[in-house]
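Two complexes come next, and they have one chain in common, chain A, joined by chain B in the first and chain C in the second.
After this line comes the complex of A and B, so read on.
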């Protein structure tokens, strides 16, 4: 195992640029996109083309208005479209009788935040409409409001140290999301070394040697683990000590990162089972991997993705579990018990994927 | 010491290797000759335990190696057809890697690496990356990597494909030395007739997955022993002469070559005098003639009806 590991290291030692690039990319992407909800205000141009536009303005502007970092400004349609086109607003919002449309010219995460807020307001209103049985919900809304002043049950959410509950920090989520996401590339490219060895004939040489097959795999996979783990650690350490991010209990972050890496290595191994050459892998893997953070909701507020199929796809990859567990540690001061489940899930994914992956790889001959 | 018994491999309907019987005695240098696609690499893969035969057996000292390949792996050095090296590492680093993989003892590994580098003539350039090497140099490192653990049997799969004549000669010399000086048993695969002729005591000729002929060079040539080949050079070419020679009773075949004509006649028919006469009759002269020994190339042509092509 040791010589196999060492040979991979010697190869990479001469050109460490890819890893350095990935480390830089993780940091840069987090800084660029992670600041998004720290921008003081997002301005949303709101308009309506319905005949009762004035009525709608009164009703919805009131309902939408309760958000700290989004400012809603009513205007007419042309002006609203112009605002978006000229980039003065990220988003325009068209209000219809019981529905809305979001018009945007970019894909910035800020758009998701607006979408999330508007969606929530409209859904709540729709529920109230359904409950009241009429379109006039003011009465019911007030009633509910009154009722909630003296609720039968109160649930107090406190963080574990008794302080106020932290707001969801999109920047932190992107930090973990991007770092783990980019590490997935490193993992894939390193695991691909096995396929490369098989095609070049080196693997045959190893088979003829006294080294056991298990040791050959472990040599490669352990190396992949070390490189990807190192990459993530550098990024986290820079954020913690240079950029002063509050990452929470670092030992727990490290543990989650390790479980994630193991799990993802297995998934990469499974994917190599479906390709014949390292070149094929270079085509398949980078086109597959970027979809995972999207369906895992890494770029969005939690709860944005509700489609059960997408949720299922997200669940079978370790990324969502890893990011979630890290968020729990960094934001909510989760304890070891709280992160046990996601770690176990990741390891389980790992065991399954590795079992199937090695089986396919070995049978292919 | 090593033998195959009705060794066969079928890939999805295609019989790549078809009931091959071969043997290698200790200290022998044996050639495995055949055109591309004949099944040489497949045979070697099965002998070296990398590929499971569809049927048949491989025996080392009488014991089947298929169930328990560890014994044969110990005594075998395999030089694969492809360059199985890390191109991003230097020649030295590659050898160190394979040495460790093959569990060459630490205290002698360094010495061993220098020895095999010396053998393939790359001692001076061991620090350079393999990817900067010429095709011939890569092939030499490829061989060196198979020698580190001092194998008793060395199997080489087309080790000279696509390289310059100098490297080729170097490789042939190296293999010859290994066989003659260290007594290593050699199985040398090639589709170059002259390499096998130069290197091997015994030859197996393969085509379409089967052994079509085998034996020492002399034995193989005796297949053609009923013919003489005469190479004739003329002062002036003449179609009429060609016709006249074709008409001779003892002549089997006449060929127009760049240098003159090539006449294949019945063994011992002594047609030289007739040729001189015939040339005079059509007003040209024989400037030079030479009795040619048949080559293994001719044997192959005779057996398969085709030439060994590159």
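After this line comes the complex of A and C, so read on.
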């Protein structure tokens, strides 16, 4: 086993650029996509065609500005329209004295979110103005603000046992999802080394050597494990210490990452079983892999995918289990007992996929 | 050259797994994304049905009595008391909640049933209910005291659920909006002295820029996925060179005395044909399934066809370049790895995986210049504006890409001799 492992290591050590490029780009991509705080900001261009545009700007920009993820920027009409048309932002906002229009050029989800916020702001303001009558609205607004600090009716969300229900953090889900998703590419790329060895004849020479077949596989796969695991660790450490994300119990995250890597290596091995040459693998693998996070619902709020067939497909890949377990750790303070089930499922997927995969590979002449 | 083209087409065709993947996967992805996502954001939102239990622990009548009693203890005179009580009877907090839940608009999304807390817990755990709302004991009394007497409230409505879900957050949003609006009303009622005019509510509304048609999410992913898989096609055919190099196919071709450029041309042309067919197939099937582009004019389809053809040519150019690079480098494994990386990278920055708005600005700028990103942008613009003038420059650029890639590929294409 060690000679095989070392052989892989020496290959990469002598020509380190490719693998370094691979790992480097993967880390970069994960950080670009996973650093969700930046992504969730939507910029909305605001303009007005009224004569008292400046007055309106001052009034409404102040009132609209209280939203966590929507940023309102004042610009002139032409520029705002251009922004929307070029697709730089989904919507622009035209404001009038007491009314507004959302200006858009598509039907993407962002439009409705902005509309909801703006509508609420304008409705509240209209009610305020009506109530104030001839009096000053500024004063009334302050008083109402004061009153609403202790509103008569409040509402809260709790978990079933009355404790706090952790907010589902979509950003966290994307962070874990992308880290695991992109690691899948590295895993596939390294596992493909087995097929590459086979077509180049190295595999046959190894069979003639005293190394047992099991050890040949283990050497290869263990090396793939190390590379992929290393990549994930770098990503997690960057997120934890450089970008200051709260990842929860790190030891548990690492354990889940390890189980996921093992499991995914097996899935890659299974896919290897279906191809003859390393080049076919390069064709099949990158086409299949982007489907997995989509089906597993990594990009969406949980509960979005309700189709049982899709759910079943998602369940047979380790990604959904890995992300779920990591989310439990990061958000719900899960203990070792809670993450045991997903880990066992991932390992089970691993065992099955590895068994079938190696079987197919070995039967092939 | 014809025989080389035939060779490449046949090699592709004979690997049925590849054919299946190339033809089916984009469609599967479009179907999945479409069914999973589009319902969520559709304007009427009738695709969700939230099951909510209502646990009423509050006794409205007793609350009133309690409130009246507490007025007695305050020691105010009868006339004032009468006035306060009549004001109080016009406010009925739990009735307000009930009318909210029974509002026909709300009922489209929420299905409510009144249950006891124990039942509710059980039902949520069984998954029969998404969440339940508790109207706590003394709710009426406390709210009345707060509104009229300005006392601090120490009871709150609570939504209880097992875990976060789309249903729960929709429920939270609806309840929050409702409660915010009635709180505001209470606030205005207690503060404003002005003659309460009817508020001029904003009309609002979503308007589309004049002369522009909107594009839908389905249209977006249809175009994104079909261009993405065309890119994969370039990779697939170029990477086959690695196999052919290893199996000495290329050397044998040179030995036959045929012009090696024909080999390159065969690859380029076959990529063009295959990726063009693939995009057409994807768009045709999704059009039949979802009516992705409803009521479009013939002009629209012609424009679409033109851009797709130009894009397929660019993809073919990429294959030419990749093929030559592969033939030039010694480490073929590295070559296929790098090709994969390049393809994935331009797919990501071109907006094939996610809308480019979520990328950093400098990547967006690069993305607009990738062939796939450019085709995506120009097609979306074509849907929006239907202005043929906008097609010219991008198509010229795409053709330019094709020529540059092809010429580069030919320039570094290894000639006869040992390589």
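Just so it is clear, the second predicted complex is superposed on the first by the 214 of 365 C-alpha atoms of A that agree within 3 Å, B and C clash if a C-alpha of one lies under 4 Å from a C-alpha of the other, contacts with A are read in each partner's own complex, and residues count from 1 in each chain.
FYI, a contact is a pair of C-beta atoms (placed from the backbone, for glycine too) under 8 Å apart; a residue touches a chain by one contact, two chains touch by 3 or more.
It should be emphasised that the depicted structure is a prediction, and the values quoted were computed from it without experimental measurement.
Looking at the shared chain after the overlay, A:124 reaches chain C, while chain B stays out of its contact range.
When the two structures are aligned on the shared chain, A:3 is found in touch with chain B, with no touch to chain C. When both complexes are overlaid on chain A, the residue A:14 reaches chain B alone and has no touch with chain C. Once the two complexes are overlaid on the shared chain, A:84 sits against chain C while remaining clear of chain B. In the superposition on chain A, contact of A:207 is made with chain B only, not with chain C.
Put simply, more of the residues of chain A are touched by C, taking chain B and chain C as the two choices.
Of the two partner chains placed by the overlay, only chain C lies in contact with A:295; chain B stays clear of it. Comparing which residues of chain A touch chain B with which touch chain C, the overlap comprises 15, 200.
Contact residues on chain A toward chain B in their complex (touch as defined above): 2-4, 6-7, 10-11, 14-15, 200-202, 204-211.
Listed in rising order, the residues of chain A touching chain C in the complex are 15, 18, 21-22, 25, 29, 32-33, 38-39, 42, 81, 84-90, 94, 98-109, 111-112, 115, 118-120, 122-124, 126-135, 140, 143-144, 147-148, 150-160, 162, 165-168, 185, 189, 196, 199-200, 274-275, 277-280, 282-284, 286-288, 290-291, 294-295, 297, 299-305, 307, 310.
Residue ranges on chain C touching chain A, taken from their complex, read 15, 17-18, 21-22, 25, 28-29, 32-33, 35-37, 40-41, 43, 93, 121, 124-125, 143, 146-147, 152-153, 156-169, 172, 175-177, 179-188, 190-209, 212, 214-217, 220, 229, 232, 235-236, 239-240, 242-243, 246, 331, 333-334, 336-341, 343-345, 348, 353-360, 363-364, 377, 380-381, 384-385.
Chain contact summary for the complex, chain B toward chain A: residues 48-50, 73-74, 76, 78, 80-86, 88-89, 93, 97-98, 100-103, 145.
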